[in-house]
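See structure below.
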Amino acid sequence: MDFVGSHILSVQQFERADIDRIFTVADMMEPFARRQRVTKVLDGAILGNMFFEPSTRTRVSFGCAFNLLGGEVRETTGIQNSALAKGESLYDTARVLSGYSDIIVMRHPESFSVAEFASASRVPVLNGGDGANEHPSQALLDLYTIRKEVKAAGKGIDNLRIAMIGDLKNGRTVHSLCKLLSLYKNLSITMVAPEELQMQEDVVEMLRTAGHHVYITDKLEESISRVDIAYSTRIQEERFASKEEADRYRGRFRLNQSIYTQYCEPNTVIMHPLPRDSRMDANELDNDLNENPNLAIFRQADNGVNVRMALFAMILDVVDQVEQYARPVNWYTKR
Amino acid sequence: MDFVGSHILSVQQFERADIDRIFTVADMMEPFARRQRVTKVLDGAILGNMFFEPSTRTRVSFGCAFNLLGGEVRETTGIQNSALAKGESLYDTARVLSGYSDIIVMRHPESFSVAEFASASRVPVLNGGDGANEHPSQALLDLYTIRKEVKAAGKGIDNLRIAMIGDLKNGRTVHSLCKLLSLYKNLSITMVAPEELQMQEDVVEMLRTAGHHVYITDKLEESISRVDIAYSTRIQEERFASKEEADRYRGRFRLNQSIYTQYCEPNTVIMHPLPRDSRMDANELDNDLNENPNLAIFRQADNGVNVRMALFAMILDVVDQVEQYARPVNWYTKR
Amino acid sequence: MDFVGSHILSVQQFERADIDRIFTVADMMEPFARRQRVTKVLDGAILGNMFFEPSTRTRVSFGCAFNLLGGEVRETTGIQNSALAKGESLYDTARVLSGYSDIIVMRHPESFSVAEFASASRVPVLNGGDGANEHPSQALLDLYTIRKEVKAAGKGIDNLRIAMIGDLKNGRTVHSLCKLLSLYKNLSITMVAPEELQMQEDVVEMLRTAGHHVYITDKLEESISRVDIAYSTRIQEERFASKEEADRYRGRFRLNQSIYTQYCEPNTVIMHPLPRDSRMDANELDNDLNENPNLAIFRQADNGVNVRMALFAMILDVVDQVEQYARPVNWYTKR
């Protein structure tokens, strides 16, 4: 695809070559994301960071990524009460807000609302999450993390063995990740979930059609014993009829250091889209894993900055200029 | 008036020559507002964007205008619960906040609160809307849009024929616009409203004293048949005793493409202060007008950026330096 | 202490020499804080201004201080509902958010939460107020103000006579200030409060151990007749069982111009941590003092910018580079 001036609304827009290009640029962003160097390539540009549903980490990650390219951020948080309550259409909101910035990130509680917004916008729009539908930058940073973590072992994404664990029915991130994984070859994917929370049939079918091996199970220990990646997820309590119903599943698949030592291969990478539920009765990933060098969950969050910088730079067509506007960092950093 | 270091609290501050100067500078801002060029003339300056009442679009428009001049924006949204609840006076709030920035935009739910705030502020204050009282930058951008839209037809503001339509009693923007229009000559202004929502007598009287022809009616079609500008407004539901009472008037004056084609002269400009109410039962301006080139409502919102940039540049005395700090845009833009 | 890369969590971290160094740098920031000069020494750096409890003035003051050094600010206001409600630990929040910025200011409603957050953060953290516990930058700006105000009279902090007035039991700022004052010599400190709201024994003891003279009283007039500094505070209504109970003390110690003229020495400095309660029944510092040149309360707020700039510059190790990135201001300022 041609990224310049494009909206990013769904992972389904991408072919494998597009992913490769995003990840190449994301790698290039590393010294800037890690504060070894500064670039001002977007000095004077404005991001409209429009979060019509609250989300501290995604909002700050996007805003920070734009700042790291030298741009300014104008933002809104929470539902746009006034104008919507007064009967304004998404079309009008898009036409107005797109006059105020060079690019927009939009999060909205309703599925497909961001695509509707984008169709009326006069500037490129990135989907920052539209309800239960899509959150493409999250899927990209998950896949980027997988690629980065297995590289040391000389592996690529093809042929990997991945376990996805937890509430696979309601987890938006695993759905999007599976769509991206269907672009790769010969994966072994184990879906670890209680029967009622298993991955939907159509996602499993898509993966099998892509030539992958998919295993369905509700046993944690044996599933994580021969994988490269163990991707844990949270029980999506907000999607259950009641807290009590969610409680039936909470804490069902707990990974801790002693289970890891007993069952996992030495370099099995642990991932999680965050937030992880650290309350006693949930504890999907125990705090005793915090010192495990294969716990990649915070590197995953860090990688989100690289990926988002890459998307901004590609859409606004400044990839080739990043170096020209670069210089060393002149303040204290330690990473 | 001398703009340098001045507060902008009311449209009544301006004489016609002041308006001309603002519009000349607003024209000068066009390449910067439309992202053809970048200026950093206010690099290092800080705007305190203090919205003690939520307003996404006005807040973002002001913030973006300041960013486009190269300045930074610190902001607050929503009522300043804590300090006010603890008994702080507007005087104290103003003295403190004016130590933090070079210029302040303030919106506040109470009439005349911004003027009270400004009298204690140590930096210039722009009224971003004080309750039912004033919203001067909106009136300026409306008039600026009128001037710009009729220019192609070789017309100026003098001698124009304007229809104002809808809830003229409660609409703050039409009141302020009328005050500005009283500075011009020989206008024909038709007030189209249900009797109960007609323009107040004193505004009509002011316009007549200024030598304008004012017509009062509740018939839409004949009123828009010979005008240069049709300025539609929303039923200000929040000012009615109940939703039911507002419903009696909602949808009374609907303009759509077939009415436009049947009754309007070919180049009649359609304006609206936004948000327009696009719900079925309101629909002041039908979506089928969206492709009508004379629908100026989004250009109107865009023009707000130019006008706000002009006010900032004039108050902070950098109009003559804008070019000196300018350069071309180096990223993707398409407008 | 070595400021470079350090967290600032408590005033107890500082020795007297540390305070001197902060104040020397804060003095150096004066032309930048007062907009006579601009510096871009932190151009490209990002502050994470994380206010998990609302506070307009402290938040804006920190953000403005960072902007004045040339840096960008990403921020959050209000409790981080989503992630905390989903069971995320402060450890995880810190690990994630510290990947997004070069330094973090954090306010949080729970005592000691900021220290817990800091222990997991990968970047320096400044305590912007953690519940009833600490607010170190407020104590520093109070002491900085005292030093600055008495300088004209040829005095230093040692040997000063200070009256603290009001709700000394519940006022977080006076506690922290007393801790800092215990680093100095031979002070006379008069605690003016109703018996039930007097300063805690341990604070009094700490001051006496440091060699200071501490007087306990509930008489305002005689207490302020021979002091250099009269530091008034607000009844902390939110810490009382009911509004009615707070009302028993509200308005008990009112200072106004006629009392000042009658009892105070000519140059007695009036301070207050703000907000002052200006409601009729409270009125700790009457508005008729606003023209009194010794009313230092707004200079106090202004000084907060200098002190916060100093902390940022010292922690990020750019004190020696501020001049190198400096230039004159090119827009209108009047102070």
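The first chain written gets the first letter, and so on, giving A, B and C; residue counts start at 1 in each chain.
In this text, a residue touches a chain if its C-beta (ideal position, glycine included) is under 8 Å from a C-beta of that chain, and two chains touch if they have at least 3 such contacts.
Keep in mind that this is a model prediction, so the values were computed, not measured.
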| item | value |
| --- | --- |
| Path length in steps (a step moves to a chain that is touched) from chain A to chain C | 1 |
| Interface residue identity across copies chain A, chain B - same or different by half | different |
| Whole-Å gap between the CA centroids of chain A and chain B | 40 |
| Numbers and ranges of chain C residues touching at least 2 other chains | 72 |
| Residues on chain B engaged by chain C in the complex (per definition of touch) | 4-5, 41-46, 48, 72, 74, 76, 80-83, 86-89, 91-92, 95-97, 99-102, 122, 124, 315-318, 321 |
| Residues of chain A touching chain C in the complex | 35, 38-40, 54-57, 59-61, 63-64, 67-68, 70, 72-73, 234, 237, 274-279, 282, 287, 290, 298, 301-302, 305, 329-335 |
